[in-house]
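Working notes, beginning with the structure itself.
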Amino acid sequence: GGDAGSTDPGEPVKVAMLTSQTGPLAAYGAAYTAGFEAGLDYATDGTGTVDGRELDIEWGDDQGNPDTAVSKAKDFIGQGYQILAGTAASGIALALAEQAEQNKILYISGPAAADAITGVNDYTFRSGRQTYQDVATAGTFIGDPEGKKVVVFAQDNAFGQGNLAGVQAVLGGQGATVEGVLVAEDATEFTPFAQQLIGAAPDLVFVAWAGASSGAMWTALSQQGVFEAVPVVTGLGDVATYGAYGDASSDISFLNHYFGGAAGTDVEAAMIEHLEAAGAEPDLFSPDGFVAAQMIVQAVREGGDTVDGMIEALEGWTFDSVKGEITVRAEDHAVIQPMFQAKLVKAGDSWAPELVDTIDAETVAPPVAGE
Amino acid sequence: MSTLLLLVITGLGLGALYFLVASGLSLIYGLMGVLNFAHGSFLTISAFLGWEVGRRVSDGTWWGLAISALVGIAVGAIVAALTEYLLIRRLYERHIEQALVTVGLSLATVALFEGIWGTDPIYTEKPDWLGQTTEILGAKIPNDRFLLIACALLVLGGIVLFLRRTRYGLIIRAGVENRSMVTALGIDVRRSFTLVFAIGGAAAGLGGVLASVYYGYVSAHLGSTLLIFAFIVTVIGGLGSLTGAAIASVLVAVLQQFANFYLGGTGDLVVVVALAAVLLVRPRGLMGKVA
Amino acid sequence: MTDHPMLALEHVGLRIGGARILHDVSLEVRTGEMLGVIGPNGAGKTTLFNVISGVMKPTEGVVALDGRDVTGEPIHRRAAAGLGRTFQTSSLFPALSVLENVRLAAQAHAGGATSVLRMPRRTDAATEAAFAALAEVGLADRADAEASGLAHGEKRKVEIAMLIAMNPKVVLLDEPMAGVASGDVPAITEVIRGLHRGGRTVLMVEHHMDVVLGLVDRVAVMHHGELLAADTPEAVMANPLVQSAYLGEAV
Amino acid sequence: MSEPILVVDRLAGRIAGQQVVEDVSFEVPATGVTALLGRNGVGKTSTIKSILGLIDRTGEVRLAGTRIDRLPTHRIVQRGVGYVPEDREVFGALTVAENLRLAERDARPRRELVEQLFPDLVQRRAQRAGTLSGGQQQMVSLARALVNENRILLVDEPTKGLAPKLVDEVAAALAAAAKTVPILLVEQNLHVIRKLADRVVVLSGGRVVFTGAATELLDDEDRIRRYLGVHDAADAVENTGTLEETR
Amino acid sequence: MHSPDTDTDTPTTDAAASASTTAPTARAAAGAKGRAAASAPRMKRTLIGGLALVVLLAVLPLLAIDIPGVLPGPTYTPGTLQLLAYAMLIAALSLSYRMMFGLAGLLSFGHALFFAAGAYGLGMTLEAFAPVAWPSELVFVVSILVSLAFGLVLAATVGALALRVTGISFAMVTLAFAQAGSVIIRRNPGGATGGDEGLSLDIANVPGALVGVLNTRNLYWVALGVLVFVYLVVLWVEKSRAGHVAEATRENELRVRVIGIRPYTVKLLIFIVASVLAAVAGMGYLLLQSGASPRVATADFTLTLLVIVVLGGVGYRWGAIVGGIVYTLLDQRLTALAGSDFIAGLPAVLRVPLSEPLFILGTLFILVVLFLPGGIAGIPQRIRSGRTQHPVEAEEATDA
């Protein structure tokens, strides 16, 4: 039983935030959290209240473990929380989306990139980009894809498969031949695959890689001379991974969701100022937290006290954010946003990203899910 | 052709890495009957401390690497000896409990490493030569594989000599079977046990430093990823047989390479299937002694 | 009655690696007979028992139990067919109680031993049989003790109680008196006699010659894996080879 | 009489918290064989293990005048104590040769002596001790103690499971050894005791109930019956001595 | 949990004799078998105690008991019920694992496979049946039966093969099967398992009463039902003749053969029963979590079970239950502790380790293995006997 479901106007609005504070994704969790706090500050003008109403924000640790996340979510929902946000793991985000639908609450997922989250149900929104947008960004690097051969070099897991599917849809749809070289997730030796890439003689190699093995993978590509043979593109990860590309850094074209300083907007400046005041640095997933905060404030401000009202307030909403103008597409809740192209340059002992180009939000907008 | 050669030689390199981890595991299991789940942690802590010291002395040079290796070996030996002294010794002849204690230790230490060094991998520098390749029959072989193979051979030879030339092997094999009878022959069996742990730990320590060269990073999970393969090769090779572990390391790694490349990335699957198949046909592994 | 021997070995041989452990052993034991098996240490007596009970498979020859060829049968099948044995060093279920040790033996014999549907009870037939067997060897008061804590002599008695509870047709006893205090020898001798009195066929390896000679109908002599003779005790004792290889000089 | 080699004073021993040796005091003279007797389970083995520190013990034990009851087992043994355990306790996974090599403590172990005593073992050097017959294992166990020079031997039921001929041989070997080293012997075979023992110590219920010259006990039917439970002394002797008659 | 009776009819000699240094865990399990047929009044008492406990657990969702620091909220709140239900399912799983490991001495590293088989089996069957036009209750029941059959076949196959070897080889063969299962689940063949992202429950044919946070209470009762069911089956098997033979097999396999019983049959039986029970717990898990994640198929998860069983006390059936519940609560609560202000205020030497829940759990576990060989369930016994060395005899009979 309990008194879940009723919220009195005037009472604080309860918001549950679930993200990794420990576990393998703790670093993403930290960036998201810092971004969220900056965003909340920005969207509420430093008051932490919306139209005089307190936002009562409760944080939970999902430990990168879906079971823990679901348990915590149920706990929150049971306590009457109607807004849930966060998580960087797609598996967890999908499980939470399921909870949101079953219990009719608002859920805004975190940095989790899976395309499947978009349009999964009416109650689920996202605050970050999705795989499709990454891929489409890369597609813009090679000019007209018609007749070109693209090889996707990825890990054989949901992330890699998703990227391959994305490339097939985006660039394949535009006339490119797309092949995948998928490597078992636990493989540690990439030298032969590097050979295979050269053997395939493509016009572009799209690398979708996450996790610790990326250093060894880049070393292998560089040692076997892949960069001399083919242009290589991949997504630029968070600050901690800048060292992973090693000598290959300067040879890779990076598509990028965000890095500190990429956007040059006023909102970004505000965010960075706030982050630095809090002792944090802007990073890949700072905007995701920031946007989530903006969306929550919007939902509370315009949506009244019903979940349906909040959904309505968010659907089709366009606003200025860190990366520029962002639209929450009404049909499937995709977040239409600009993307970046970047390169790494040597800065003393380490590497730093430099903006090459900003790709227009519409250019990389995913097709409406389910259509 | 050059792909085949590449697969075989990189397989050998990977096998060498497996063996460096498995050698200590096999020594400890074969002689003492302790299934040491904390072996991965010995490796990880050695890699971290080796890196911390090495990069301060001279980052990315041979000199720095040598320092790292020495520190890694020392740390591995000390941590392992302490583990034996503080935990394993109290549970002698209770092999299940010994294994359990090491499970607890690995849980706790991995968490601790995460707390200290964070969850992200920390990328490391290595001497330039190790990052380059040497061409053999048209295949560009990364040089660090040669280093791995050389070290694995050294460790294999060293441990075999230790077992052949000293009484320790004998003492420990007897001690595992009947500890009190060994003491009743006037032998201090505890010292031998600690020594074996230390040697196993030292091998893991060296393995840790070399693993960080191979992967190009150190992380709290460095050991756990390697440990499972080390277990597999130890078991396939035959528990307690060092040469068996060496042969199995190579077989498993090469098999894994080929399956990953030609059979759609099924390396892991093939390896576990091979494990089950070998054990069902030869329950004691390839070179296991008759129990 | 039966026209075949209870136990028959035909040209049984066993090699392990290059070593010849048993060679061309042929032996027939009549129903109800008690046969002593003697021979120097390492002659192959225990191995013979192992081959009969199925713990080891002979590399040559045939083992027949009650007229049936059992050479290829696993241990448990032979046991179920009525073959019971003890071990040279006591072999019990150390963490189980004495009663439980014996009851398992009784239950194995009664059938349905591994049924999940049946519960052992204080009052069921197997438990009663176990108590009876314990009473017979004089251990009824130790029924609840854990087997691992028994003194040596008591363990030997539990082994025999397990045999009684199994109610086997053929019994193999491997050195039942080893380590038994002189004072207890007569009592265990009596128990063995009781085993035999029930009409069972008994084979016994024993180095206590007085016990052997006092009990058995025939004595078989093993030497270097071969069966030298199986004859009356008097004849065997008179055999010069037995004297020189086994009995040795008088102390 | 010269000073005793081993003095045991108010020794008590526990296994897993249970008292198995209550309060045992006796001495082993510097020469000859002292037999430790008693029925099954009275604590003979436990007494020997207490002396060696293989089980928890309290009380005082002196070897040639120095206290050894605080020392760990291996140090006690290194002081020259040879031990032949009750159940042979050979290392089954090791070969015969390895078993013997492990036992060698002295710089010049007495290999020839052992080889001469147990020629069977020479043949079986490379066999794993676990596959030896019971009697062969007993030989390994004895050989492990005899291969070193010792100041005392603690021997627990050495003839258990041996064929009569070998019983004689082992008895002879022990008799020969006893010429140079004192022995504390646990034995059930009265015949062997009669032949070897100079003195006897009888245990009952974890305590010493009798000490004296061997003849004092063995010639007294009443004592034999009382202490060892043999109902008829003649029978007891016969038990192991039937052979002469039968032959 | 009720504590075992305080009266003991154990003769002292027996008690001490049982404490050997070699196999304390196994030993503790055996303990009171001689006293197996405990006196009737005692059995009645424990029966009543057990019933009372189940009834108490059953009415918990209707009460408002708050244990701050242990439970996240009062017992009627969905969060607490969810946590307790999860803990009970883990307890049920541990119980099945204990039957294999503690009773029959089968150290498997692959038990997680069967839990996953239950969870994924049911999830995939429900999805496969989703388009079928039968009444949804029927589909639900049929799906459960199909998954049970799947678990059974899988268990029989794996068991029949793995039990051909013993000891560490057995552990490794089970590990190999479980790894293979885990790899396959993660590979997401044909999109059936959802790969890394896990499988989400298709609720089309799941009874409405089991869906949604408001119905957590019902899921709690399902979990309690699973736990009681598993407990009763385990109790039954352990007390049966087969259970006793399994125990004997653990002690001395050759001896079992020689008295005329084939150990393989009994071991296989125990393996299959334990595995199917694990699958049942897995189904409960799928419903409770509205999905399944590949984590439950990993060897790490089996290791967690081992940790739970040992933490609770291998020698005691209710040890597995206590272990499962304590572990789950600790796992959750330590996370809360790790994030607390108190920890954040500590100096780094203390803060870093203490903010890692797994560090605390691992350390705790080591301490239990070293100093509490009977596990948590063995504490009352130790206090009573006042011994510090090893667990002596488990009063198994008393919690029956």
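A, B, C, D and E are the chain letters, set down in written order, and residue numbers restart from 1 in every chain.
Operating definition for what follows: contacts are C-beta pairs under 8 Å (C-beta built on N, C-alpha and C of every residue); 3 or more make two chains touch, one makes a residue touch a chain.
Note that the coordinates shown come from a computational prediction; the quantities given were computed from them, not determined experimentally.
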Partner chains that chain A and chain E have in common: B
Which of C-D and B-D has more C-beta pairs touching across its chains: C-D
Inter-centroid spacing, chain C versus chain B (mean Cα positions, whole Å): 49
Whole-Å separation of chain centres (CA-atom averages), chain A against chain B: 38
Separation of chain A from chain C, taking each centre as the mean of its C-alpha atoms, in whole Å: 76
Distance between chain centroids, defined by C-alpha means - chain D, chain E (Å): 50
Chain C, residues touching no fewer than two other chains: none
Where chain B touches two or more other chains, by residue: 114, 268
Multi-partner residues of chain A (each touching 2 or more other chains): 22, 156
Residue ranges of chain A in contact with chain B within the complex: 22-27, 156, 182-184, 186-189, 191-193, 195-196, 212-213, 215-216, 219-220, 223-225, 240-241, 243-244, 246-247
Footprint of chain B on chain E - complex, ascending: 21-25, 107, 161, 164-166, 168-169, 172-173, 175-177, 179-180, 183-184, 299, 303, 306-307, 310, 352-353, 355-363, 365-366, 369-370, 373
For the chain E and chain A complex, residues of the former touching the latter: 72-73, 76-83, 86, 186-188, 194-198, 200-201, 203, 211-214, 216-217, 289-291, 293, 295-296, 332, 335, 338-339, 355-357
In the complex, chain C residues that touch chain D: 16, 19, 38-44, 46, 88-89, 151-154, 175, 178-186, 207-210, 213, 233-234, 237-238, 243, 245-251
Chain A-touching residues of chain B, taken from the complex the two chains share: 2-3, 6-7, 10-11, 13-14, 114, 118-121, 123, 131-133, 140, 142, 214-217, 219, 221, 225, 256-257, 260-261, 264-268
